[in-house]
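All remarks here apply to the structure that follows.
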Amino acid sequence: MSEVKKFMFVNRKAPYGTIYALEALEVVLITAAFDQDVSLVFLDDGVFQLKKGQQTKGIEIKNFSPTYRALEGYDVEKLYVLKESMDARGLSEDDLLVPVTVLTTAEMGALMDEQDVVLSF
Amino acid sequence: MSEVKKFMFVNRKAPYGTIYALEALEVVLITAAFDQDVSLVFLDDGVFQLKKGQQTKGIEIKNFSPTYRALEGYDVEKLYVLKESMDARGLSEDDLLVPVTVLTTAEMGALMDEQDVVLSF
Amino acid sequence: MLHIVNKSPLENTALESCLNLAGAGDVLLIEDAVYAATVGNSFEPTLRAALGKVKIYALQPDLDARGMGDRLVAGVTAVDYSGFVDLTTSNKNCQSWL
Amino acid sequence: MLHIVNKSPLENTALESCLNLAGAGDVLLIEDAVYAATVGNSFEPTLRAALGKVKIYALQPDLDARGMGDRLVAGVTAVDYSGFVDLTTSNKNCQSWL
Amino acid sequence: MKFGIVVNEGPYQHQSSDSAYLFAKAAIARGHEVWRVFFYHDGVNNASALTEPPQDDRHIVNRWSKLAEEHKVDLVVCVAAALRRGIKEENLAKGFRISGLGQLVEAGTKTDRLITFGD
Amino acid sequence: MKFGIVVNEGPYQHQSSDSAYLFAKAAIARGHEVWRVFFYHDGVNNASALTEPPQDDRHIVNRWSKLAEEHKVDLVVCVAAALRRGIKEENLAKGFRISGLGQLVEAGTKTDRLITFGD
């Protein structure tokens, strides 16, 4: 695969309630391994994926949130969060596991427009 | 099964987008065959299940809406629709496939409270 | 960009989020999202307001299946599957709001 | 009656419908619905208003999994799975708002 | 008390099967009986004998099988829903049995509480 | 144009597999190529060779197999998602193959448009 395309992964769902967040991460890692231009976007309930302090022992599901911290090691460094989504959930950047770029609705819309491939979860 | 219990089936989802409406009907028919006291409730997007004029040829899925008309033949006669849900969807009783009893929110809540078994779809 | 939405706006906030974010692109309603484009539902005002910004399409086979083929909000364009394909080629990329 | 809700109120209208309809019973939030009972989310005012009418519980293991164990809205009671079981026995029937 | 449980979603995709299992365990620990778990809709996929989750993940199907064995829980898979989705005797996990929807009605009449987990 | 399609939900439970199929057929009828359909999440259940829907219903799995045969569509099932859900060579329907997530990335790089159908 010599072509490099802009891949955006749009995460709109909370973790654990469904598997989408976990299986999305698996695609992100592979896409980065194929040297594509990867952006991750967290919108709506997707911002909950980045919440610090997840402790999953009581639901017997593996806590996969440390993987977000590992993304940097795979050269996945473009993480975007929609400000409006964060605000509506009572979250601030301090609540998040990793450093992110906070975008307004207009900025996020413009960023989506310029992608080659958008995968949503 | 000599005991007779009050079974309520709460339909809250639109038809075709998911299978719940269809598979709910299958349970309703069996429950009636076991001579239980059956009520069907249509709330929220569930009221769309009863919309007249469904034509499914273009999506290649079987049109199961005639089954609602057949319910009477199985002695399933208690069909309730929440007025608020119908109003929010621009529907009136004339739009529905079968005669129903229209209930207010308070009446619907009271009816639920008196059931023995509530199954939701 | 083509935005594809498949959820009823009376149950799920996906369409609302999409309309908030969508720039000058096209929005296609399929599956349960077609209810959003039918006359008299409580989301209709939001949909109408968005018509000033984006072009909105609804999949006719999904409208027909749901008995809503004759209730399309004025200003929304009905398309068949062939029209759906054309929307994906006339836009340079697309996104499904799952 | 025990009402069990498992959807985030910021994505899905199930909890809103439930709170509209629930009489004097108990409401238990599990899975993604626990976000409704956390401080500062935009559904909080609706939840607080409902506290006058129904008793609201949230499943602690689901709060913890989501990193929300320390953000419970005052007036909501946290329960573990054992408490969940007790709620189903102390109410004479129950309904899941799927 | 005597409990019936309904599971409407498949393993892993949704949390519902996990929640149902943890509820069942808690009910038993509290001294109650879990008389039957009925798997409907995509819930029938909980009965697949072929699942192989990653080593560090829970094995949802085996967990149900073990619960059935240790606590005599009757695990019933709806035959119509199962045929639609490719669950049959040949790929049915231990402790599950395939039967009709009448078993769900019976779970409603014969138990004190019937709790549904789904999406 | 060259299309890639992603299917994220299993057959019957959600309409997404139906919509994806009808989209693929329409694209082909319009003179386009459907290069690959990638099945992810519960979408892997579309590849079960064991489904038996009622006689009067569409057979979703067979429809995909036939599309693959008639139009040389590459039907790829994600191996990790499939193992979690019990889809393996032994119950894999005709025309499907099991492979890695790299095939999804490739569907993104090698096609002009990648369309996702899911829940």
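Should a chain be cited, it is by its letter among A, B, C, D, E and F, assigned in written order, with residues numbered from 1 in that chain.
The rule is simple: a contact is a pair of C-beta atoms (placed from the backbone, for glycine too) under 8 Å apart; a residue touches a chain by one contact, two chains touch by 3 or more.
Everything numeric here is computed off the predicted structure, so don't read it as measured data.
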Legend entry - For chain B and chain E, chains touching each: D, F
Legend entry - Pair joined by the larger number of C-beta contacts - A-F, B-C: B-C
Inset, instruction - Indicate whether more than half of the residue numbers at the chain E-chain F interface occur in both copies; give same if so and different if not. - result: same
Legend entry - Centroid spacing, where centroids are CA-atom means, of chain B and chain F in whole angstrom: 33
Legend entry - Rounded Å distance between chain A and chain D, as computed from the means of their C-alpha atoms: 27
Inset, instruction - Please list all residues of chain D that touch 2 or more other chains. - result: 6, 10-11, 13-14, 31-32, 61, 80, 93-94, 96, 98
Inset, instruction - Give me the residues of chain A that touch two or more other chains. - result: 16-17, 19-20, 44, 59, 61, 116-117, 120
Inset, instruction - Mind pulling the residue numbers of chain F that touch at least two other chains? - result: 12-13, 15, 19, 22, 41, 57, 80, 116, 118
Legend entry - Contacting chain pairs - touch in the sense defined above: A-C, A-D, A-E, A-F, B-C, B-D, B-E, B-F, C-D, C-F, D-E, E-F
Inset, instruction - In the complex, go through chain F and note every residue touching chain C. - result: 1, 3, 8, 15-16, 19, 22-23, 25-27, 29-30, 32, 112-113, 115-119
Legend entry - chain F - residues contacting chain E, complex: 10-13, 41-42, 45, 48-54, 57, 61, 80, 83-88, 90-91
Inset, instruction - Spell out the part of chain D that touches chain B in their complex, as residue ranges. - result: 1, 13-14, 17, 20-23, 25, 93-98
Legend entry - Complex contact set, residues of chain C against chain B: 6-8, 10-11, 31-32, 35, 38-42, 44, 60-62, 64-71, 80
Inset, instruction - Would you tell me which residues of chain A are touching chain F in their complex? - result: 1, 3-5, 7, 19-20, 23, 26-27, 30-31, 34, 36, 116-117, 119-120
